[in-house]
Amino acid sequence: MQQPLSEEKVFKDPVHNYIHVQDTVIWRLINTKEFQRLRRIRQLGTTYLTFHGAEHSRFSHSLGVYEITRRIISQFERSGYKDWFPEERLVALCAALLHDLGHGPFSHSIEEAFQMNHEDWTCRIILENTGITEILQEVEEDFPQKVASVIRKKYEHDIVVNLVSSPLDADRMDYLLRDAYYTGVNYGTIDIDRILRVLRPYHGRVVVKESGMHAIEDYLMSRYQMYWQVYFHPVTRSSEIILRQVFRRAKQLFHDGYSFRFMVEPLTDLFCGEVNVQQYLQLDEALVQAAFMQWTSEQDELLSDLCSRFIHRKLYKYVEMESLDMETIDDIRSSFASAGLHPEYDLEIDFPTDLPYDVFRPEEGFHGKQILLLDRQERLREISEVSDIVRSISGIHRGRYHLYYPQDKLEKALPMLPESIKELFDLR
Amino acid sequence: MQQPLSEEKVFKDPVHNYIHVQDTVIWRLINTKEFQRLRRIRQLGTTYLTFHGAEHSRFSHSLGVYEITRRIISQFERSGYKDWFPEERLVALCAALLHDLGHGPFSHSIEEAFQMNHEDWTCRIILENTGITEILQEVEEDFPQKVASVIRKKYEHDIVVNLVSSPLDADRMDYLLRDAYYTGVNYGTIDIDRILRVLRPYHGRVVVKESGMHAIEDYLMSRYQMYWQVYFHPVTRSSEIILRQVFRRAKQLFHDGYSFRFMVEPLTDLFCGEVNVQQYLQLDEALVQAAFMQWTSEQDELLSDLCSRFIHRKLYKYVEMESLDMETIDDIRSSFASAGLHPEYDLEIDFPTDLPYDVFRPEEGFHGKQILLLDRQERLREISEVSDIVRSISGIHRGRYHLYYPQDKLEKALPMLPESIKELFDLR
Amino acid sequence: MQQPLSEEKVFKDPVHNYIHVQDTVIWRLINTKEFQRLRRIRQLGTTYLTFHGAEHSRFSHSLGVYEITRRIISQFERSGYKDWFPEERLVALCAALLHDLGHGPFSHSIEEAFQMNHEDWTCRIILENTGITEILQEVEEDFPQKVASVIRKKYEHDIVVNLVSSPLDADRMDYLLRDAYYTGVNYGTIDIDRILRVLRPYHGRVVVKESGMHAIEDYLMSRYQMYWQVYFHPVTRSSEIILRQVFRRAKQLFHDGYSFRFMVEPLTDLFCGEVNVQQYLQLDEALVQAAFMQWTSEQDELLSDLCSRFIHRKLYKYVEMESLDMETIDDIRSSFASAGLHPEYDLEIDFPTDLPYDVFRPEEGFHGKQILLLDRQERLREISEVSDIVRSISGIHRGRYHLYYPQDKLEKALPMLPESIKELFDLR
Amino acid sequence: MQQPLSEEKVFKDPVHNYIHVQDTVIWRLINTKEFQRLRRIRQLGTTYLTFHGAEHSRFSHSLGVYEITRRIISQFERSGYKDWFPEERLVALCAALLHDLGHGPFSHSIEEAFQMNHEDWTCRIILENTGITEILQEVEEDFPQKVASVIRKKYEHDIVVNLVSSPLDADRMDYLLRDAYYTGVNYGTIDIDRILRVLRPYHGRVVVKESGMHAIEDYLMSRYQMYWQVYFHPVTRSSEIILRQVFRRAKQLFHDGYSFRFMVEPLTDLFCGEVNVQQYLQLDEALVQAAFMQWTSEQDELLSDLCSRFIHRKLYKYVEMESLDMETIDDIRSSFASAGLHPEYDLEIDFPTDLPYDVFRPEEGFHGKQILLLDRQERLREISEVSDIVRSISGIHRGRYHLYYPQDKLEKALPMLPESIKELFDLR
């Protein structure tokens, strides 16, 4: 299983041109049903409702992360760097390929709605006797454990963890390029060839040659732009809010003993909080969308309305506010209630920086979180010490409150809403 | 409703950069649930199982066809050509936007399996009192009929039909560009700006200025290449065959009174052949994939096996044959039967040129099927009279037989298969 | 002359795809010998010695600036903005096309060596009875004066000046895109379609709609990166230093009465400081390179050595220093003199920020120097008030000293150089 | 000298992204003045007068050919093909890098005007004690001879010759990509990664794996298109005709003892037909352009007119004719003479297929001229046997006569020209 394929295989990829597969184990992993499932999970969740081109899957992204890792390692080996351990190649490639294996349908929303964690699921799928486990065990008895520990960032060799998760890892590089390609937004176009050229292994971790500083600056700026242009786009946030509301409502109805016109097993298990690995593997976005479509004709009006909004893209509108206090929120909620609106479903508050926003922050400690530059005198310096640009943007902490609401419902309730609310939501 | 939007709206598109919407009616059509449904129908059916990037929807493509049509008309109007009728602009744009509205999930396969026709469905959705009908009627009482007749190629002004369906129409231009972009295959990259520049209205149809001949040659070659590289790719054909077998088997079981573990309404209607417009609009690829996933655990072994193959991408292998006679096929089928294999499900014969392959063939008569060049002396000539390249490729009729089969099953049946069969299928 | 061409003409351009010419006057200006001369002046001077792809001319760039200006105005007119004056279209297009007309060969260096100014020359060529003057006068008697005053930033309508010279003008947009394209450096890839969409005329100037803030941030970052990656590249600086030394030496020899093996008229006039417009128009990079090639065999060793260095690309090396005081420089110069090196020609000090570096600096006053955002409430705000990114980089003032020197000569003089000097220049 | 560089060096290249230099000998060759001279010779001669972007030099192209050769060999070595000889790597790389070394300024025209051959000059510069010779000799005493014999297609190992000159060589691949990039014409965009993947060494030559057939079809079509769109563009032909006329006139004047206002040594030697290698190396396009500029004020009217036409781009117009007989030509020439026009300079006849047009022609014999496909059964077949497309275009022999003439002169002579001539040249 550690042997190479008799002939290299390739996948045509719009981002990397070709994905090169050279190892039998990688080829077999790709062909498992566990990995093929990622074709049915979109990389960017509901973003396709904002950027219609962003219909790409985690399958594509996972192949891309694998390919970038392969290229980095290949460059390390061609350059003959002594700080790289060739025997770690396979574990790094497997971890890169499998790192997103546990993502559920519309991952961020489902995790929030059901308190799940995709990293845990990735490790369970690797370890709990699936087709993946079997293939990995053929490499070495404890190989599944090794791969899982890389994903958990606990592997003994930091350098392997660095490749798959660090401020400059293969994951981020692929998603910036890929998300830019599929959305059509230019900001994510980083010079990956240049970045790969300036990475090198050094004393147990991946560092950047000083000559690559500008390429890294450009990479960090691209990330910043992609966050604000794409990942935090308010229309996407609106669709995620509706999605979470569907899950919340359906779960509540389920626990209230409501009889669904349409219900299937992985969903019941999800509502019970008792999903096993086999059921989890049946959870995909096709199922979620099919269920939501069926639920558009449920008797429960709130559920059917929310599902219609999601499926037919009748999203919530939003207003932006620079600041927001508890009192104002309470006011709005009680006005809503008085006007017959639902105080919780008809108003959602969102503050994007609450999300795991990871433009590089140097103050968060050394280990694995920093980008280090190596100069010609073999000194290591954290990049914001050297780059004015990085130092300038490191401190930026940005964010605004957005209030999301169903405009049509508010318009119907108009006569019963106080003036202050009408003004706030720009009604009439 | 004929009035323009107060401010132009845009969609970011990776292929055309921006899609520009200037008319209220177009904006409202895009926001109907009928049009939004196209987000859940892939542009290239099962091609994503061969080219993992090809996950784009008919929604994206439809916007693209609209945009190209808009640009052609805008160029006609800017150039002040007298042969264009400005009052036809809106009907052309609506037909361009809506031309694929009736596509079902995995369109080619479902049409073949259930004898349906997406053009009929497009017209029904336009005409039968849907949200689409309502919006179109606000333009003019008989506007839905006008749009439908463009799609049926029966509209009184050929030039409008030309824009939406002809050998050089906005549909083909968008799909070549878009499919090339999403698969990552370079062959479809046509010089659309150049093509748009050389189109002009002339005596009731769209013709090409002679100076654009090379751009058209290049366009036809790109199409030829895309057909053989992408659209007829044998791995895609394999997945389509399995898909059709699933439909065939499920339909048969349904009519035999089999009790499915999982069944929902639009599917039962489909099996009965009695789908109405409202049910049809609920048919999408999410539903098909969700049903197939559920059916992987059906009791009927054939159905569950076929569904597993499709969902987990365990496709049929194929052998290629230059020629094939009826006798050989009968031989194989009877050998298969004797060895316990299914003579119909375990062997499928495919001959790609049987498909509606439309590299331009001049002999097929004048009307709407030819590309005409207009020279400086205002003479019209069919392009293959002028272009050596087009003349050369016009006669090419290519195709090979492919036999598709489940390799694992054949391998199990190996001892019972005659040598000739083993050799043919390259077994051991 | 104000009438449009009977048929639009196009130039194929790698950056903008097509350059569209619609006006007779533009077409005729392009075909003058004064404008064609720009084909023999490189856009980036000696940068092709660092980035071999950067061989593009000011001719290409000038067409590009014209095209961007045309697109901006066309968008203004299509959008029906009342703050734009359609009668200013032609003067803006002519100024855009001609703004670089007066650049000499290897412009920055020759200007420095001979105290010339390309803007003055541009105005002289426009005004002093050339083919350009004649064509412009056919539009209107004082049209040459109008065009020249736009170039001098003294035109009565600021908005026209804004288009051609401001922090967000057509000039900068074209050169960022074009220089990135030809060098192959990705950093300059700005989203020009997006930027054009967000510009609008407002109260006599060009402002940016607030929704375009991120596109402007990205544009300013691209500029910052291009400055440090390309425009200030130390290898390019080295070649410019040698170029200036050639000019300096040749001028000195000329004034000393030295008899050159090769000398032609525009050069003698240049050395005398008495170039007239007709002679100036004969000055191009072909002449400079041909003269330098001939001078590689001049008797004056310094001149022939410098010319060989330039023509055969044997450039000076450099060392970088964080700070530098006068005393150190004096020390080096006197050590050089003692060792038989030339204290002036063999040591050049360069500090790139001394150049007209124009990353946007808000403190430099309002008029024409600021980028203003227009929000929905029609408030104007300078961009660094709104954008964290722009505020962060506005204060950055960066630069390091570079000492340039002929390594081969220093190596020959090695035994006579003190240790401190050897160490400084990293010799042995 | 055979040793690798201590650290790989790169050149940023817009076409290949990076050019990788790994060998000391390659690095030193690039830095010779003989190779640097190629910066002053444009890759496409006068094509920049038609496509303004095409200002790239043979320096860039030569680096590109080197890089493609390096990648092909690297792929051969990674794949472990036994039919490749690793010891031939360096000779192949040097031949690839140096193959265009002998090109003169505006190569095609100067060769025609002075009966020179760039291949001969390449070999002379390699062999006749230049800086190039010296560096190559450090590899091996007879290494210059080896490199020259590859360029002369006489090297003992055909496979090395194949890489540098064959229907599918590194030279053609680079120029298609590069010329497409710099002109902005899309037709030359070939899938080089795909082509490189399907090449393999086999029994002493480079062949193509059958799976790559479509990529090769596309490559041949791109070549066909580039020939007709770019290389044979009538405007470019017009400028080449004028260029040859300048050379012809100046040579004649020189032999007639005319006293030039401006004349320098490499040109006098050229006119005498006695250029030595050192003089040849001083011939570049800067010199030619500088001389032409000076000659615009020569007393000889014909010479000064021709030089003005070239320098200021006042080119000849042309009419196209499907056929042309000797008699017609004689008629025109005598009418021209009667009207006071110059019967030779004022009429030039051009028939583009007379040029070395090399769309692949299988009938021209086996050796090195054919593209061979290798199928899975290890059978070799010439591509047109297998590909319908290639077979279709192989027979195409296309071309039309073009008559070039100075329109302004003909207009002046109008009253003296017979009606038939006026009609032919579309005058009035």
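Order of writing sets the chain letters: A, B, C and D. Residues in each chain are counted from 1.
By our rule, a residue touches a chain if its C-beta (ideal position, glycine included) is under 8 Å from a C-beta of that chain, and two chains touch if they have at least 3 such contacts.
Because the structure is a prediction, the values reported are computed rather than measured.
> Could you quickly compare A-D and B-D and let me know which has more C-beta contacts?
Counting C-beta pairs in contact, B-D comes out ahead.
> Name the chain whose C-alpha centroid is most distant from the C-alpha centroid of chain D.
Following the centroid criterion, the farthest chain would be A.
> Could you give the separation in Å between the centres of chain A and chain D, each centre being the mean of its C-alpha atoms?
Going by mean C-alpha positions, chain A sits 51 Å from chain D.
> Based only on mean CA positions, could you tell me how far chain A sits from chain B in angstrom?
32
> Once you find the CA centre of chain B and the CA centre of chain D, what distance in Å lies between them?
44
> Using the touch definition from the top, which residues of chain C touch two or more other chains?
17
> Which residues of chain C touch chain A in the complex?
Listed in rising order, the residues of chain C that touch chain A are 186-187, 189-191, 214, 217-218, 221, 224-225, 228-229, 388-389, 392-393, 396, 398.
> Give every residue of chain A touching chain D within the complex, in rising order.
It is residues 8, 10, 17-18, 79, 193, 197 of chain A that touch chain D.
> With touch defined as at the start, can you tell me which chain B residues reach chain A in the complex?
Residues 11-15, 17, 31, 33, 36, 39-40, 48-49, 51-53, 55-57, 59-60, 63, 181-185, 262, 264, 282, 284-291, 293-294, 308, 311-313 of chain B touch chain A in their complex.
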